[in-house]
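Read through the structures below before going on.
Two complexes, one shared chain (chain A), two partners (chain B, chain C).
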Partner chain A sequence: MSNRIVIDPVTRIEGHLRIEAVIENGVVKDAFSAGTMVRGIEKILKGRDPRDAWAFTERVCGVCTTVHALASVRSVENALGITVPKNAELVRNLMFCAQYVQDHVVHFYHLHALDWVDVVSMLKANPVEAAKIAQSISPWEKNTPGHFAAVQSRLKKYVESGQLGIFANGYWGHKAYKLPPEVNLLAVSHYLDALEWQKEIVKIHSIFGGKNPHPNYLVGGVPCSFNLEEVNAINTERLNHIGSLIKDAITFVEQVYIPDLLAIAGFYKDWASIGGGLQNYLAYGDLPTKGYGDVGSFLLPRGAILGRNLNEVHEVNGKNVEEIKEYISHSWYKYGAGDGVGLHPFAGETEFNYTGPKPPYEQLNVEGKYSWLKTPRWKEHPMEVGPLSRMLVAYAKGNTDVKELVGAVLKKLDVPITALFSTLGRTAARGVETQVVAHWMKNFYDELITNLKGGETRTFTRDKWEPASWPATAEGVGMTEAPRGALAHWVRIKDGIIDNYQLVVPSTWNASPRDAKGQRSAYEEALIGTPVANPEQPVEILRTIHSFDPCLACAVHIYDPKGEQVHQVQFY
Partner chain B sequence: MADSNQSIWQVMQEKGYSRREFVQFCTFAATAAGLSGPAAAAVVEAFEKKSRPPVLWLHFQECTCCSESFIRASHPIVADVLLDALSLDYTETLQAAAGHAAEKCKQDTMKAYAGKYILLVEGSVPTGADGVYCTIGGRTAEDILKEAAKGAAAVIAWGNCASYGCVQAAKPNPTHATPIHKLISNPVINVPGCPPIADVMVAVVTHILMFGRIPELDAQGRPKEFYGRRVHDTCYRRPYYDAGMFVEAFDDDKARKGYCLYKMGCRGPVTYNACSVTKWNGGTSYPIQSGHGCIGCSENGFWDNGPFYQHLAAFPGFGIESTADKIGTAVGIGAAVGVAAHAISTNLRKRKLIFEQAGEPAPAPPQKSEEGEVK
Partner chain C sequence: MPRNPNTAIRIIGIGNLLLGDEGVGVHVARHLLDHCHLPEGVDCLDGGTGSLVLLEPLQTADRIILVDATMDGAPPGTLRRLVPKFSSDFPPSLAAHDIGLRDLLDSFYLLGDLPPNVVLFTVSIAEMQNMVTTLSPEVAAAVPLVVAMIIEELGVASSA
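Up next, the complex of A and B:
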């Protein structure tokens, strides 16, 4: 018997995501992923100063804050031929790493954990036993019977108050939850520790960029200045602060996040063969060590893997109009040349064309258009993006840090490398990446100190700051990796202002509707075959969807090169 | 009148019920919920306790930066807010339940606490094309907002999106992004900023809980407690402004000494916010301290008050005593006008003192050039 279920809103994500799934004999047979909110940022950018674009696009997402600003300043620098000073590259890399570590930890504990951790079950735990387990896997100072007992008693009072707040109506007691009460207690205790810690690491953004979320960026470098003889600039006190934050971050990742991830994963090894989905992985890469122009110097390498063949990594070129194209067969837009064609972002065009049901509605018409997300393809292939793709590309390219850690995790869990192609693999790859990046962050910090010691303090190049120094027309691509995956901005500048601006973002790759050929994108494909024990409590669907870390606000956008009015909406 | 902080036992006492009747009521409630024995006793205890004020957090056209900011709160930390201070019964960012189960959380609270819950709104509401630009559970944002606002005791608009429309409302506002106060009749507390400062967000909520009333608001609905002063008037770099000592280019020798960022386009002089006093991320810094001008993210229409690196027109008579009510945000920018008017009021004595302090010879006082620019 088949049963179509709707999950809307999908919670513990960024943005507005709707999943419709067809369930037959207890497994997902088909799935449809829809983005249900649109803002039109690209249309708003037209005609503005390209040096301001980072601020507009940064507001595309407040969860992966900073990454759109980085993609934006890079696209403008790429168009104008600006190379930023070494210290600016290091500061950007430090902010990038801080974002990754914070975002991945928050995703694991606050957005994903409740798919695996039964909060109510922890009330039955023995805190002494929980502490024994915790101490056997980590020296974290709060892993004590006293602390666990206090957390348990606090949550007990909370539950007994009858007001469950954010934990209300969870699928507690569902048979898919497999952790013993003691491990649930450990995880909930660390949920609270992580909530407290995450606000610290972002202070790196605050020191260099003035605030978080949404720190300030700058075309040509970074806005902060170094001065070791001045209280009014980044001085030794500020650098010490950053050093301490990095040290604490490494401690948190190594003593809390990674041990918890491995402990919890050990109880869910069946999820190493569920949720694999697509077989193609794409990463633009990031963390340049010799400038953004030298792709070979990126610590996170660029490349594409097809058919899960780790012996071959294909080159990716954002400027090649034959590689990345966006389709709209199932998206609420229209193209001048017909809805069947694909357009490279430089040549992209989009116009709203809502053909969905008039709200309030129960189900979308998935035969037609059903999402505000376009459908990007790389050489016509649907691609998965995100930590798993980055780790696979780095692994396949022989990055030693990544290879070592991936190997250690697989060994610890006693699973083969193919286990990576799964829901669990996606979640594990995020952990591996966090640990690697936390250490790279320390290396960047050390390099920055070395530079300052050598007297190199520049953070900004003024060469092409004035629009008078720009060519009449220029176009550029800014590629980066948001925590959720490959992100790029394409800008075309004409007479000193933005002629057009286009973003293709991670969740557009992953959460988009199928293409004209019927090829599903990553979410839809990964859900096929997922078991659903109780369609009223589809916790299994949430596991796979959350393993991607959905971020929808950035996935929807419009672009209209002709500046035409938005078309009248048509209803069925 | 019963206030929303009272426990059910307190309410029943006020209405003249005995302890015995209260326990009977609890037993009835527990039975109805399928509980017995020790669990039923827990119900008695729960109803006796003071309940935490229920809060619903709606998400519309936004980027979730307000939610992210909220969890950065340092005093109190957000775990204490969520576990002890209030009951966050609906928030798409953090809640365990999804889909229908999440919607049920919201409906239950709206019913059980009609007239007593606090409504927090993140994001603007698109009114274009009959609302199809933002739907949740198949319903439009406008529909969802209006339903939830009906029974709300207080409504808070988080951030620039809900307060003014923010980036999606910048020209040409393709989706007709609309601030919430234009769509509902409730009084709305606007807490603008992109995002607002975490500790300000928590303080606005706890102000209501701590003092039992909403904070004093200005004419734009902003709490005076945090939006009564311009960033410029509380800025630690203000003495450099008064002395006419400005950064001329990013990372120049003046930037490295932390001079005023006015000429780099700083919007501090027309922006009402707590940044330079409360600061960000537990008092760590704020944009100007880190070398970038304020972009004015807590002001209505700031996205169209650019370009960001073009400095503001002169604003003669803008004294430190000015308030948001008197001035508003109408001071735009004038490309060629420059800072001539300010040059007149530059405090030459202060300028000399600062340079002397720094051990540098004071350059000649600023002169009006042909274009009216301070040189």
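Up next, the complex of A and C:
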């Protein structure tokens, strides 16, 4: 018997995302991923001052706002040939790292953990036993019987109120949940600790960016005024605050996130051979240490891996019009030169051509156009982007910090390196990356303090600020890595204003529809072979989709073989 | 929870400025910031699409007034005042960021020792539009009306 399952999530970055999966004999046999909301920020930006573009692109998404601003200012700087001062690079790197650490921890506890952790089961846990387990894996100060008992009673009250709220509509009691009640209690307790902690680390954005959400960026540098003694500037007191936030972040990652990740992963090692999907991985890289123009200086390296061959990393060039192209064979757009061609983003077009059913609808016509996402390809290959891709490229490039931590995690879980090519591997790679990045953040901070103490306080260059100094036309690409994957903005400037602006976002790489050759993109491919024990409660599908950190919450609709909806679950 | 003694009431306008009417909460916040004299102890925040980043702003005021768009099927520009206690009390389809706001409020309730004091003003919008930065005439006309309701709310709150 074959069932059709529809996952219809909502994302901020691109609106609704929907997945239709065909299930046969308890396994996903085919899958279709569709973005169902119109994009078109390009149309808003055309004709504007390129120095203002970041303020618009930053509003695209509520979760990774800073990375869109970063990609935008970089694209303009790249077009105009601006190199930002060293301190500006350091501040941008610090904001980047803070975003990663916050976003990855929030992803693990608040968006992904409940696929593995049974909240209701924790009500049966013995807090004393839970504390014993917790203390055996971490010195975290809140791993006490008293704290766990208090968390349990708080949650009990919450559940008894009849309002599970944030925990509502999980598949509690599903046999795919394998953690003992005590480990569930530990995880839920840390879920609450993480909520409180995450709001601290983002203060780095408020201090450097002047406000949050949506901190300020600046073409040519960062809008920060450093003066160690001045009350109204970023002074010693504020910098000390940032230093202590970084210290606390390292503590949280090393004493809470990583121990929990390893403890939970130990119960789900079967997921190290499920959900691998594509065999190609793409990373644009980031964290420059000698300027954005010097790709070799990036701590997160740029490169592409094909066929899971970790012995070879291919160079990636965002400006080469033969490399990255977007296709629309299955997307609701039309190209002037016909729908069969691929266009490099410099020549990108955004003309809508909706041919799908009038919503609400039950099924998409997956033979034709079925998504608002275009389909990006690198040299015609479908590529996965995200933490796994970044860690694989760094590993293959021989980054010692990454190699060491990946090795330690594999050893701890007693799994081979091929285990990385999986749902569990994707989730573990995110943890490894968080730990590495947290330490790099400390190094960037130390370097910034040294510069400031040495009297170097410059954060902005006026070079090429005035449009009169710009060429008549210029093209630039701003490549970065959002927490959930490779992100780039392409800008074409003509006579001082934006002539074309294109974004290719991580979800487009991962969640796009098939290309003209029928090659699936990352979500579609990763779902193939995923077991689904109970189509009424497809927690297994959510595990794989959530492992990509798709920036979504989803409503799962289950259809019977005739296409009738039999079940719907809201997922937060 | 640490509270800023000066912040008795915080108004937070939520929405995506790039999605036309969906950004009405931010338009209201900007109107209040640019054109209204807020009494002492009241501040106003452009919450944008800020999800969990807004947890601390929620926790550090005595009373919260949220402004957001909703797709509840009512004619565009319809205003409602709600006192949501749980996510299930929210109107349907809080536009593009429903999950973020629900998550946020649930987290807020979950972490708090006392029931939080939250009032939500919603502005009904039609279906999601293509990306534009301007409001439709119906929703634009609602902005001064929401502002007036908020000013009235502030008066009631401060005399309570």
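Here is the rule we use: the second predicted complex is superposed on the first by the 543 of 572 C-alpha atoms of A that agree within 3 Å, B and C clash if a C-alpha of one lies under 4 Å from a C-alpha of the other, contacts with A are read in each partner's own complex, and residues count from 1 in each chain.
Throughout what follows, a contact is a pair of C-beta atoms (placed from the backbone, for glycine too) under 8 Å apart; a residue touches a chain by one contact, two chains touch by 3 or more.
The structure displayed is predicted, hence computed values, not measured ones.
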For this session: Mind checking the superposed model to see whether chain B and chain C fit together on chain A or clash?
Result: clash
Exercise. Which partner does A:Val385 contact after superposing on A: first (chain B), second (chain C), both, neither?
Worked result: neither
Exercise. A:Lys43 contacts which: chain B (first), chain C (second), both, neither?
Worked result: both
Exercise. Which partner does A:Arg59 reach: the first (chain B), the second (chain C), both, or neither?
Worked result: both
For this session: Please work out whether A:Leu300 is in contact with chain B alone, chain C alone, both, or neither, and reply first, second, both or neither.
Result: neither
Exercise. Touching A:Gly221 in the superposition: chain B (first), chain C (second), both, neither?
Worked result: first
Exercise. So, does A:Val393 touch the first partner chain B, the second partner chain C, both, or neither?
Worked result: neither
Exercise. First (chain B), second (chain C), both or neither: which does A:Ala482 touch?
Worked result: neither
Exercise. Looking at the overlay, what does A:Ala98 touch: chain B (first), chain C (second), both, or neither?
Worked result: neither
For this session: See if chain A has more residues touched by chain B or by chain C, and give me that chain.
Result: B
Seminar exercise, completed: Of the stretches 3-11, 21-29, 39-47 or 75-83 listed for chain B, the one clashing with chain C is residues 75-83
For this session: Once the two structures are superposed, pull the chain A residues common to the chain B and chain C interfaces.
Result: 10, 12, 15, 37-41, 43-44, 56, 59-63, 65, 106, 110, 154, 158, 161, 163, 165-166, 168, 192, 195-196, 198-199, 202, 212-214, 352, 553
Exercise. Touching chain B in the complex: which residues of chain A?
Worked result: 6-16, 36-41, 43-44, 48-49, 51-52, 55-56, 59-63, 65, 106, 110, 114, 119, 154-155, 158, 160-171, 192, 195-196, 198-199, 202-203, 205-216, 218, 220-221, 223-227, 230-233, 241, 352, 354, 356-362, 372, 457-460, 462, 465, 537-538, 542, 553-554, 558, 566, 569
Problem set entry | Residue numbers on chain B that touch chain A, as the complex places them | 42-43, 45-47, 49, 51-52, 54, 59-69, 71-74, 77-79, 82-83, 86-89, 91-99, 101-102, 104-105, 108, 126, 128-140, 143, 166-168, 170-175, 177, 194-195, 197-198, 237, 249-251, 255-258, 275, 280-282, 284-292, 295, 297, 303, 306-309
Problem set entry | List of chain C residues in touch with chain A within their complex | 16-18, 46-56, 59, 85-88, 96-100, 102-103, 106-107, 109-111, 128, 130-133
For this session: Sort out for me which residues of chain A touch chain C in the complex.
Result: 10, 12, 15, 37-41, 43-44, 56, 59-63, 65, 106, 110, 154, 158, 161, 163, 165-166, 168, 192, 195-196, 198-199, 202, 212-214, 352, 552-553, 572
